[in-house]
Each structure stands twice: as structure tokens, then as C-alpha cells.
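Structures given as C-alpha cells follow.
There are two complexes below, and they share chain A, which is joined by chain B in the first and by chain C in the second.
Then we have the complex of A and B:
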């Protein structure tokens, strides 16, 4: 899935996480984050390993697995890796590509600055994390 | 002309066909020959060298070779000092770059690098069919048929080492009138000009540095701030050799480094008008320039491979690959050279591998050829048994000196199987992402890693039977010598479980 820069910006503009950004800001996001591709079965985040990053799925699907047990799936527009980066701790789960995955990646050390520069992205991320927390609480109760 | 008159590899059937005669193609051919795998090497060029036959434009590389390391140049460990020579088993064919440098810089000149590669091909007796352009690809039986300017080649396995070499410009209005980096003219022709460079990666800063003595004013622009390698602790970012324009900017010296996207470029009577949108705030900014150069990168010229099912991604149109640089969708199609950067590996703290450079790609090629030979030709490499009582010292020696681990930090690792009955076996240098994700017998892998603070330290991955690998980071050392009693004790502790207590 090779997108031209214009197509990439168009794709980003359609993702909830970046919905409030102007076109120049979206172009900056496209330049700041690197595109990566992972084959089916590849682990992208590894439970217990240091140095992980932040990912936004452009195409494909991943499974989140804790100790080998699948707890959730994520697809286009979803993001992962933020918890471990923000807490400065290794991920508590594996994230595995269920089919070919095309994602945007931001190195962990860059996430804080990125969110500070784009507070609307931070707000939308916070909302998503809050919803995930609420759903997890419901599931447990 | 001698090569053209005695051209090897006529069209026909070969077990493997390698396309490209840059560092990736030559290194692949060398290791295929070592394993006795018959193959043809095809190149559209007239001679060896790939991109180094032309670039970098200002004729000085970004990768070092330090001719006077403390080790003999023919020692494997010397490869740490020499990022530019290709690998060879025979001592006389190693470290060729160091022989050819004139001492004026630790960064070889472009002609020196070109000579290095040509000398390697000549001394190792590698053959290439030059002047043979790969034009098309199709599946045939269990393999592939490559159409070329000389006729058709059929093979079971094809290796494409064609570089990330196709100039690329965005489809922004007006860019069709703008020169690309590859079209840059002789420096003196920019004397007194107002120059606008689109792009703030190394190629943009290379041009800015080279044209500082000539241009009246230089503006560099791209949406995101420039990264500097000294800040990223990796080759990601502008290299120290090209930082002079940054200093000129902060001192108000006629260089402007803008965070802005380019909305359109307009021709004027005597030049260009570049319409920008500032990244911060989105305000418009118009810059008048006599010359505009797009330092906007390159793509990989994969021709019709996507039609065969090879998935490509990103601006550079890199193929999606496995950890052994095989197409993730089309088994039997491999990639070597700079294209290898499409395999991200662990990418800890966002730091990329050095697969896009010779000092990373040369090791990838060796591993890729071993994988190709095992997977498609049934080769079984001889395994080397290690003495159990020397295992800890061996691993610490490797992490202190192994050039593969230092040149491909967090990407390649030394792996050792810890068979409870037969004892440890050296599994060689492997992609770390493969090691930590595969299930298998007890094993250990060790590598060098850099963290977000720039600390360089050993990282150990121990896999016990039936369990995933566990990561442990060892302490750094001020002189990067990890053969200390503390490191020895710590590593021995880590190996106790995986060796059923045999390592103490």
C-alpha cells in the first residue's frame, strides 16, 4: 500500500485522532511519523521489552495479547503503544499483525513533544484511552 | 570495453538471478558464490558501484573508514572502523577501502568509494553482465522469468539490489519545473543566486553545505523541523558534516531553515515564487528564489513487481519484507542493499537500523543469502559447538567487539542455542526481531543497544524452553568494554535457567 504524500494526508484527515488538524499540520504529522509495513504474524509491540513506540494503523488489523491470550483487536484509525511510552514502562501486552499491517510510527521519545504541539490530538487520544478504560471496567464488572 | 566484449551470463536459466551491481548486488553475489549457488548478476550500468558512480553530488561520503584502528585491517573486528568495504572471508579481500584513501578525511571521496567497489569486484573475481537492463518480471513455474534488454532470464529465486535510486518529487503544483537533487549543476553556477531547497534531510543539507560559498541566500523548507544525528543518537537526521548551515542560520548568516509545507511553486520572469504554509499556525509565506531544488528523496525502482503481488509502502515505495528480506507476499523474491531498510527490526526508541548504508546492508546480505540457501536450496550450514565454560566470555567478547552488533545495533544479534544434551551451538548473527519472535529450544541472543538517553549497553535475550524470550539490559561501560567481572556475573546469572544451571 504505497500512498503518495497527498493521499497520506487525505488518509490522515479521515482518522478520528487527527480530525481537528489543518492541512499544514497534517503534512507535518505525515513528515514526522514514518510509514512502516509488517507482515502477517509479526510482533510490533513486545510484552516486557524496552524502547517501544507509538503506532497509528493505516491499513490492516492487529491483535493485543497478554501472556499469549488475545484481549482485543485494533484496525484502521486505531492507535497503540501510547500507554507504555507515556508511562516509561515496557508494554504489558504483545501487539501482533493479524494480516499485512501498514502503520505510521513515532519513536517513543518523540511522543510527548508531538502531543504538546498538537493538543487536539492529545485530547482525542485521552478520550479514546478513557473509553478503553471504561470498557475494560465494564467487562470486569 | 573489455567487460562488454566478454559479457558473462547470457540469457537462459539460472538458479538465482541478482539484479544490481552496487554494494548490495556485489555482496550478495560474493556470498552466493561462497555457498556454491550458481547465479547470474545483471546490471544496467557500465561498471560496478551503483549510486556511488554518481553520488553524493559533492563527492564526499557520510560513512567513515578509519585506516588506523588498533586492529589489523584483516581482522573481522576491524570492520567496526571501516563502514565502506564489502565483506570477504579471504583476508586479502577485506578492508579494501582503507587501502585507497588519501588521508585527507575519514570520509572517503566518491571516486575512492567507486574504486573500492570496483577493486572488490575485480579481486574477488565477481562477474557482472553490465549493460543489461531488467525490464519486466513474471511468474513461471515455481520461479520467475525476468525480461531484460538482452533477453529472458529464468530463475527459482530473484534478488533485487536496485537501490532506492529513482528521483522522486511531490506532485505539488509547479514542481514539474523544479530541478531534482540529481540535476544539481556545478557549484559555481549558483554564484550570487537565491536558492530554495525543498527538503531538510541529508541530501538537502549536503547541497546547502556545498553551496554556502556560492549562494547569496539559502532557504531550506519542509513541514517538520530538521533532526540532527547527534540528537537522535543514530544516523537518523542530518549528519554532523552538514550542520554548518544550521550554525549559519542561528547566527543570522543568510541561511533560513523553515518548517513549512510548499503549497505551490510559480515561475516568474527571472526565477521562482514559492508559496509556503508555515507548519506553526498555517500562515502563508512567499519566498522569491532564483533557483529551486527538490531534495525530496528517491524511490525504489521495482518496476512491475507490485503487479506480481509484492506489496510496497511509503514514499520510497519499499517492498514489504520478512525479517530475512524476502518479499512478505511473494516467496522467492529477495531484496538486498539499501532497500533492506524497509525491514524495521526492533526500532527501539524509534532508532532505525543502518540497513540503508553499506555497513548495515553488507551483514544483511550475508544473512539473507544464508536464508535463501537454506529455504530454497536445502543448504544446511555447519553448526559450531561452543564450550559451555567459555560461553559467557564468548558472548561478552562479541558484544564488545563484533562489528555486526555495533553497526546494526538492536537489529542484529549473536545467537547461541543452549541444547541441554549437546551443549551450546553458535547460531551465528541473526535478525534480532526474528530471534525474539520465534519459538524454539533454549537460546540466548546478545546485541548492542542505544537508549533514549544515548547510553550504549549490551542487551541480552534469553529464551527458556516453551517460553518467550525475556529481555535484560546490562550496564553500560565508559569505554564500551563489557568484559568486566560484573558483566560476567550478571550474564552467568541470566543463563542459569536456560542451561539448567550448567552455567554458573
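Then we have the complex of A and C:
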């Protein structure tokens, strides 16, 4: 079910990715991104397939699966799809809704411009990607 | 002998981290990059420290140690420290010079300032890190 603009901005203000944004900036984000819902079991990104975009989870949970093996789970406030978009490559994992998923979506071609307009969002994304890499390669401090 | 500005720029441009960065971004980066010398046995960074900077080895050699375990050895062209700069977590390992070693160093506050004001450089860095996460994922599959 779609949120009212007011509720959506309230929800966004509680997400780490958007923590540095002012109310008017949050309204811009809410305006720019579109709300999407997926039923349980739906594949949102497909390993090896192009298309897709950038997603921020508002409610629900997804599994990240590589060759059918679950490697991670993401929930409210987490995001996915940015790596394929920024690298211009197909996703290397399936992203599957484990229960009803409510997310914000931004089309791939819009992501760079969006991040450049919101440097604080970009910086938070950078931190998250750094954390992922840290988890994948322990010593490289 | 001090490293020339051109050599500095070329060394930074060769880092996968900054590959594809514009000349303007590299010039800004060069301005905040210093040259630091370490004698054999001296620590460049210590485990547990919060990231103080990004380092690129120009000459010499170093080893990566965690507690009493040696995890890797490093030489010219190798770099480290970029993740702690970005996420400001404590370093997970120490790096100790095993010979007299020269590094290019970018202080974390300078790099953070640069990333916050230079969105092209930040975007480039996300791409570089994403590619590494991805190559790790590929690596685990095979």
C-alpha cells in the first residue's frame, strides 16, 4: 500500500542513507524515487540479467543469492542494485523478497545524477560499500 | 630526493582506487598528498588505530601483521588504509616497514574533505570499491 507523501518523508528521515538530508531534500528524494511493492518470493534483480536500478528497502526483507546460495539478507534502510548500475554490469546475484517488500526505486541512468545532487547520500553509500569490502577482505585496513 | 609533482600524480593515477578520476580531481588529490619516510622496523600504521590516512608505497618494503601473524608483504605500488579512512573503523592490522621505505600519504581528513566536495571523485571511488567487492564475490564462486 502506498504511503502518503508525509508518511514517506517521515519514513525516509529514519533511514541511515538519508540521515543528513533536510526535510525539503527528503521531499525531493521522495518525489524523485518511485514506490514499488513485491510479493514474497519475487525476484527483484536477476543474476546475469541487465536492467534493474537502485532500490532502498522501506519495509520487508530480501535474500541475496549467488548461484542459489544465500550470501546475505537486507532489511529496512538497506539498499541494493547500485553496484550493477555504477559498474554498468549485470547483477552478480539474485535479490529475492523473503516477504512482502516495499521499496523505493530509482532508474539506473538517474543514479549518478541523484548522487551528485546529494553528496551526503553518496558519502553514506561509499561507507556502506567500504564496509562490504571490509567484510570480504579482512586485513586490508 | 623528493618526488616530483608529476611522479606523484602518475603514482596516484595508477591506483585502481582513483582510476578514471579526472585531471582536476587528481590535481586536488596531489595537493594534499605528502611524502613520508620510514626506516626499517618502523610502523606506518598500527592495529586498533582509527584510520589516519591512505598510504601508497613508492619504494622499499613492508609487512602486514595482525598480532604475531604476518598476513602479507607489500612493495612499491601497493596501497592500504583506504577503508578505514572512509568508514573510520579501527585498523584491523599493522603495517611495519621491513626496509627503509618511502610512502605517499593522504591524511584521512583531507581525503574525506575532498570526497565530500568532489562528487566525481567520490563516485569514482564507489565504483572502484564496488568492483573489488564484486571480484571478491566472483573469487568465492570459483
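To be clear about the criterion, the second predicted complex is superposed on the first by the 135 of 141 C-alpha atoms of A that agree within 3 Å, B and C clash if a C-alpha of one lies under 4 Å from a C-alpha of the other, contacts with A are read in each partner's own complex, and residues count from 1 in each chain.
Methods note: a residue touches a chain if its C-beta (ideal position, glycine included) is under 8 Å from a C-beta of that chain, and two chains touch if they have at least 3 such contacts.
All figures in this text were calculated on a predicted structure; none of them were measured in a lab.
Asks: Touch check for A:30: first (chain B), second (chain C), both, or neither?
Replies: A:30 contacts chain B only, not chain C.
Asks: Can you tell me whether chain B or chain C touches more residues on chain A?
Replies: Higher number of touched chain A residues: B.
Asks: With both complexes overlaid on chain A, does A:50 touch chain B (first), chain C (second), both or neither?
Replies: The answer is first: A:50 touches chain B but not chain C.
Asks: Would you sort A:129 into first (chain B), second (chain C), both or neither based on which partner it touches?
Replies: second
Asks: A:4 contacts which: chain B (first), chain C (second), both, neither?
Replies: first
Asks: Have a look at where A:76 lands relative to chain B and chain C in the superposition and call it first, second, both or neither.
Replies: neither
Asks: Thinking of the overlay built on chain A, is A:116 touched by chain B (first), by chain C (second), by both, or by neither?
Replies: A:116: touches chain C, not chain B.
Asks: Does the superposition put A:105 against chain B (first), chain C (second), both, or neither?
Replies: A:105: touches chain B, not chain C.
Asks: Please identify the positions on chain A that touch both chain B and chain C, taking each partner from its own complex.
Replies: On chain A, the chain B and chain C contacts do not overlap at all.
Asks: Quick check: in the complex, which residue numbers of chain C touch chain A?
Replies: Going by the criterion above, the answer is residues 45, 47, 51, 64, 66, 71-72, 80-84, 86-87, 89-93, 115-117, 119-120, 122-123, 125-127, 129-134, 136-138, 140-141.
Asks: Sort out for me which residues of chain B touch chain A in the complex.
Replies: 170-171, 222-224, 259-261, 277-279, 282, 306, 311-315, 317-318, 320-323, 328-329, 342, 344, 346-351, 410, 433, 436-437, 449, 451-452, 468, 470-471, 473
Asks: With touch defined as at the start, can you tell me which chain A residues reach chain C in the complex?
Replies: Touching chain C from chain A are residues 66-67, 71, 82-83, 86-87, 89, 92-93, 112, 115-116, 119-120, 122-123, 125-127, 129-134, 136-141.
Asks: Considering only the defined contacts, which chain A positions touch chain B in the complex?
Replies: 1-2, 4-6, 22-25, 27-28, 30-32, 34-40, 42-43, 46-53, 90, 100, 102, 105-110
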